[in-house]
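Everything below concerns the one structure shown next.
A, B, C and D are the chain letters, set down in written order, and residue numbers restart from 1 in every chain.
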Amino acid sequence: MKSYLGIDLGSTTSKAVLLDENEQVIGRGITNTRANYDVAVEVARREALADALLSRVLGPLGERGAEAARAFRFEGDLHRLRQLRQTCRSVASAIPGDGARLVPEMDTLMARVVDVADELFGGGARDRGAFFRDLVGARFYSALDEACARGQLDFDRLSGIYDRAILQVENQLDEVPFIDALEAALRRTPSIDAAEREATLRTGIDAVRHPPEIAAMVGTGYGRARLPFARECIRSEILCHGMGAHAMFPATRTVLDIGGQDTKAIQVDGAGLVTGFQMNDRCAAGCGRYLGYIADELNLALQELGPLALTADKPCRITSTCTVFAGIELRDLLAVGEKRENVLAGLHRAIVTRAMSLLARSGGVNDQLTFTGGVAKNPACTGALTELVSRHYGPRTINISADSIYTGALGGALFARRDLRVPDVTEPTKECATCID
Amino acid sequence: MHRLTTAGIDIGSSAIKVAVVDEEADGQITVRSAVSERIRRRAPAQVLGLIFERALAEARVGAAADLAYIASTGEGDVAQGLRTGHFYGMTSHARGGLILEPRARTVLDVGALYARAIQVDEHAKVLSYRMTSQCAAGTGQFVENIARYLGVRLDEVGDISNAAQRAEPVSGICAVLAETDVINMVSRGIATGEILRGIHESIAQQLAKLLRAARGKGPVLMTGGLAADAGLRAALTRRLGEDDKAPEILSHPRSLYAGAIGAAAWGAFRHRKLERAAPIDQEAGLA
Amino acid sequence: MIQKEQSMETQKAMLAGYFGRLATAQRDHRPVVYTFVPGNLTELLSAFDVIPVYPEINALQSGMRQRSDGFIREAERAGHSEDVCSYVKCDLGMMMKGNLGPTGEAIPPPDLLLCSFTGCFVFMKWFELLREQYGCDIAMLHVPYQGDGKLTPAMRAYVVEQLEREVIPKLEKIAGRKLDQARLEENLARSARAEDDLVHVFESAKARPSPIDAYFAGVYYIGPIFTSFRGSQDACDYYAALRREVDERRAAGLGPVTPDGPMAQEKYRLVIEGPPNWTSFRNFWKIFYDEGAVAVASTYTKVGGVYDTGFRHDPRRPLESLADYCLGCYTNLSLPARTELIARNVREYQADGFLFHSVKSCNSFSAGQLHMMREVERLSGVPGGFIESDLVDGRYYSHANIKNRVESYLQMLGSRRGAAGTTSSASAAPPASPQLHLPVHS
Amino acid sequence: MTATPPTTAEAARPLTTLLADLEASHRSLGMERVRSWKAAAPERRAIGCLPVFAPREVLWAAGALPVFIRGGGDQLETIRGDAYYQSYICRLPRSTLELGLGGWLDALDGMIFPNTCDVIRNLSGVWSSLFPAKLTRFLDPPQAGDQAAGIRFWRSELSALYRDVCALSGREPAPEALRAAILAYHQARRAARRLEAARIETPWRFPVDETYLLRRAGDVMPPLEWARLVDDYLVAAGARTVRPEDRIRVLVQGAFCEQPPLGLLRALERAGCYVIADDLTLGHLDSDDPDPDPGLDPLQALAEAEMVGRTASAVRYDAQGDRGRCLAAEAKRLHADGIIFAAPSFCDPALLDQPRLTKALGDAQVPYTAFKYAENTGQFQSIREQAGTFADSVKLWGHA
């Protein structure tokens, strides 16, 4: 089976989408972007392939299959958690002098994380879009904070060890083989009996022998210039977002993408071709990272922010435009007794307000608007956007897909599928079309 | 005149610093204790309570009531109820800076979120100053983020940077975007030291601008958390060296406490003044 | 080896002569007047044998020579804000460092500051600052802005009256003699001739391929006529020669000459609005010619006078035509008039697109440019692009950013043309996919 | 200070309600005062004027209420207005456009853009193409070195404007109407001067945020009505028993166009200053009183007042080159302890003027400090700290 791969190496997350010849999505993969781009891309790609295989193998089992798929991912996480614990030990023991003292302290902390692995990774936590790094980090730091509050431990030392260890673990590619993980996952799924397990495993082995053959691929995103791809296989993320949004919602004429560190407003025509765009770079104010900071500041997980903000009864006015200062303003507001949800609602609104300016600059919202990028997963942002768009432009259809974060990668895959048609005028491209420096 | 014992509390955005000092009859200041504690997501008032006691204990002062004056600086409201009066950040950093290093004619305070350049005369009189606002590019928070990403401890940052042969240029100056730049650099295989040195160059550029705007003259004493960063000091020296009259860049082991020490010293000054004058404006004070 | 047109060599020699004259001005007892490019009264000045100095030109020269950043730093240290026009700071910084011109010779102090206050608010502030430094007089010529889109008789009368009552008397005072009306008229007649040739050169860009780049090379073409040479025989000769040179290239079907040699293929024709960045001028240009993009028209080449709509200096009505010239400078036009001009250029020069370069320094150019862009899109039906940097403050020129945007913009023009036209080649073979490893060990 | 005002209905209001009303109408962007004034008669018109100059007498004589538009303040969410501007530019044109596009300025029948700087200059073009149905006028107050030429030009500009606005309101141009308007604005200017004098004398009774609100009300009120309001306030606030605090007396300079938020003004005083004078609402005291002599052509009188008697500022040509020295002398005359330069970010006129002024202040040994702001600044921490340090340093070392 021929397939087409789109890779979006974003500043925060790396995404992969696999299409079949009918331009249907057969697999998606996502991971957080990390220092080793090759690893990030490889992880995303493997996830997409695994996703395609899993849906082939487990798809027929319906809900029970979905359960098994979750268990499959759980296996991967457990494996990485074991690696992390081990790495923490070795980093700590390498510290001259205090190593001997730090190893057991670190190990105790890690044990508290391992103890709650079920709770961390189970229950579909990963489906909601949290990454291993975030889940484990949050847990580790709350354990550390707790221990330090009792005044027993050296915060800076231990957090340093942890930071170093997680970096190491993230940047190595070491996974449980597909079949092993599948087998373990099936065992963990009580609704699947032994016979069914055997049969499924056999389809699994067969699937692995005949994986989707990747006929073409296109890379895009912030880090695209670093992708190990031929130059013709790289497209500006503006073009990919436009194309991807068009594929999901053909009537869309405006695309708003809010990613980790930039915001783009794109106007497209009836074929998904870009007619104009505006982007903000230079300053991270009002992008996804802003929310990351806030989540850190409040000790919340990223996915919890939006729902909490939605419970606000009287949103605050937030004026800080700087991502870093917003954290301070938040602290100040909480200190004077503002409710957390009201402050959060204000923060979300501030982000969307900035995006509205960009939208206006790109030409406004004259027809259907599609909201893409990671921030489109945040219900408070989508809510604020809906309200502001209708206030300033009148009633407009706003499309938001559950898979909005994959829009760029989808656009890339579509360019790959459509045989990378490059108009004469730009051929041959002497130099890489993109530069991120 | 008699000896006075006073305390200064410097409430920063990332850490609280407390100093207890003696002012002799001749105006000489001796620091009895200086302590600091990171706030780290705790309520600042709670942190203050914690370390104020510690500062008193280290200074062998029995109780707050034994102090002639308790001066706050920085986000002073946190110390409401405890303080006698308040001095603004640059006033106290100027004084504290000169107590630590009498030769200094400019104090450059670089904390977690703000940077301030203060030009002073030999009596710690503030002649002119500039401070950053709105944008946290080029301050401590930024270094912390990067160090954390690189898995380097803050107190190692300076030496690693100084050991590097070259600096990897950082294009953006944004505290947040630079982080992604750094991810990118690591991915290109750039050595940690070169990245840090690039970061230091970029902060130094910001600080040089600030110094220029405040018309800072030498010698420059660095205060605040980043004064401890030898890599930044070296970068700043290099950067200013491009100008004709490059000032000398100094630091002091107690640079972090300059604000607290300065506030405590002003507290003594104010106490004597209030003692002399009819005590009318005690409340209006300097707050 | 950097490629140059013959005319550039001529221009270089002219400039060297000019700076030589300046260097000996004091010895030769020739008065020196500082003034601005827009609304400059060169014909009047040379009728008095006064040598003009253009601080703007000095600033851009410093930028191209990589000295501006140091000058700006110097000015900021003296208390000038980071937010304001970098030309002013560059000029002041240069002065603080000895006022050495681009040839290394000192530029003499002014005997008079002739503020042709047209098209830019900063001019007034700039000369107020210079007056402080040099302690000399200002001749203030207020040229009203054509805000409501037209040049009224009251405006013209106001400018003429100021020429008569403020400018000429002050020039007579420093020159020590009366105005020589005949010389002024001769100068104006020569100006008109050179102006004809310049217009011809710029209009040659209507050819395909265009024999010139009307922005990056255009800034050289306007050099003599926008500065101290307008109305001189040297300028007439220069433009006649330039015209021949360009006509030859056009006849031969050649494109513009870039620093890397003749341009290979014209792929995109662009109209560009806004001044260029000078600190990375060569690199900035390279982004364009590497992609086969040629500027066929630009507005920056109209800052010292808009000639393509028919205006010429006129010896028969000397002061009125000088007044009309001052009133008609590009940046003294209303935004709708500027918009109209750009849209017309897009049409007449058959441009594929147009690009706005917004410079931080210059509100005169940049405030409202995004609106202008939308309007030009509406009028011309062609999508526009937008980039930001600065004139001579290198800190605001981010090459990576600009390159990314310009290339995305050109890619967009390309993909739209590809989709609309028949050029799409279905034959382009899908590229070989890189080696893939499955995450399984079966 | 002598203020012997006529008592009015407004005077019956206690000070607190008066102030609360002023603040409420300042915060609401809806121009209720303008609407209600217009509602009283169908032929009434209102014309918006951008900082810093409004031809108030000419508009008033033509039957139009002059309304100062000074940006959108911190209450307005600027979204569409941002679409027209690049990054490195002040906020004023963005929020002004937002006001226009959002319908907040619908009560106005036209807009006047004076040549204050290139931003406002260019805004006139954007405005005319966005709102073609309404009167848009660009005015270029004379900056000539030659006064006679300037007066002649300005008279012809005012005359054309007068004719056009009269046409808008259906009035016949008449010299008497102009003279009456000149006299009405004498009253307004005098009230403004009384207010200034009161602040200088006992600034603790007249905090800057209050006088500022009062002046902003003057932006949208008929002249005589406003003069009465000022006097009501002066009586009520003058009767306060407040103890003066240990604060320094400062002049604020450079904030004549885009306005700082109210919170910023409060932060300044809270940080230990009394703002005894400022150029926030330049335009209320634009020039000397034009001569109302019935023997004189009133347009000529207005043109002369503008050319000869106008208030010095960063946006007017400083023909004598002595603005810095005048400012230093002013500071001494008012017993100010120092000057705070507060300028909007990216504001050409204010920022380009500063070095010249600070040099003169330095020579005259008048202490000063400087910072920048934006109309929607929400955090005053760093401003409080800078102003506070300034106050500290004046207090601790006295002034030279």
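The working rule: a contact is a pair of C-beta atoms (placed from the backbone, for glycine too) under 8 Å apart; a residue touches a chain by one contact, two chains touch by 3 or more.
This one's a predicted model, so the numbers in the text were calculated from it and none came from an experiment.
Enquirer: With contacts counted as defined, which of the two, C-D or A-B, has more C-beta pairs across the interface?
Expert: Between C-D and A-B, the larger count of C-beta pairs in contact belongs to C-D.
Enquirer: Roughly how far is chain C from chain D, going centre to centre by Cα mean, in whole Å?
Expert: Roughly 37 Å separates the two chain centres.
Enquirer: Rounded to a whole Å, what is the gap between the Cα centroids of chain A and chain B?
Expert: That pair's centroid distance is 38 Å.
Enquirer: Please report how many Å separate the Cα centroid of chain A from that of chain C, as a whole number.
Expert: Measuring from centre to centre gives 47 Å for this pair.
Enquirer: Chain B: which residues touch two or more other chains?
Expert: Residues 134, 171.
Enquirer: For chain C, give me the residues that contact two or more of the other chains.
Expert: Residues 78-79, 370, 386, 398, 400 of chain C touch two or more partner chains.
Enquirer: Please set out, as single numbers or ranges, the residues of chain A touching at least two other chains.
Expert: In chain A, the residues touching two or more other chains are 281-282, 325, 361, 436-437.
Enquirer: Connecting every touching chain pair, does the picture come out as line, ring, star, complete or other?
Expert: complete
Enquirer: For chain D, which residues are in contact with chain A within the complex?
Expert: Listed in rising order, the residues are 74, 77-80, 82-84, 87, 376-379.
Enquirer: Which of the residues in chain C end up touching chain B in this complex?
Expert: Touch residues, chain C against chain B: 70, 73, 76-79, 82, 398, 400.
Enquirer: In the complex formed with chain D, which residues of chain A make contact?
Expert: 282, 317-320, 325, 329, 353, 356-357, 360-361, 364, 388, 392
Enquirer: Residues of chain B touching chain C in their complex?
Expert: Against chain C, chain B makes touches at 171, 209, 212-213, 215, 242-243.
Enquirer: Please name which positions on chain C make contact with chain A in the complex.
Expert: Against chain A, chain C makes touches at 267-268, 290, 292, 370, 374, 377, 383-384, 386, 398-401, 403-405, 407-408, 410-412, 414-419, 421, 423-426, 428-434, 436, 438-442.
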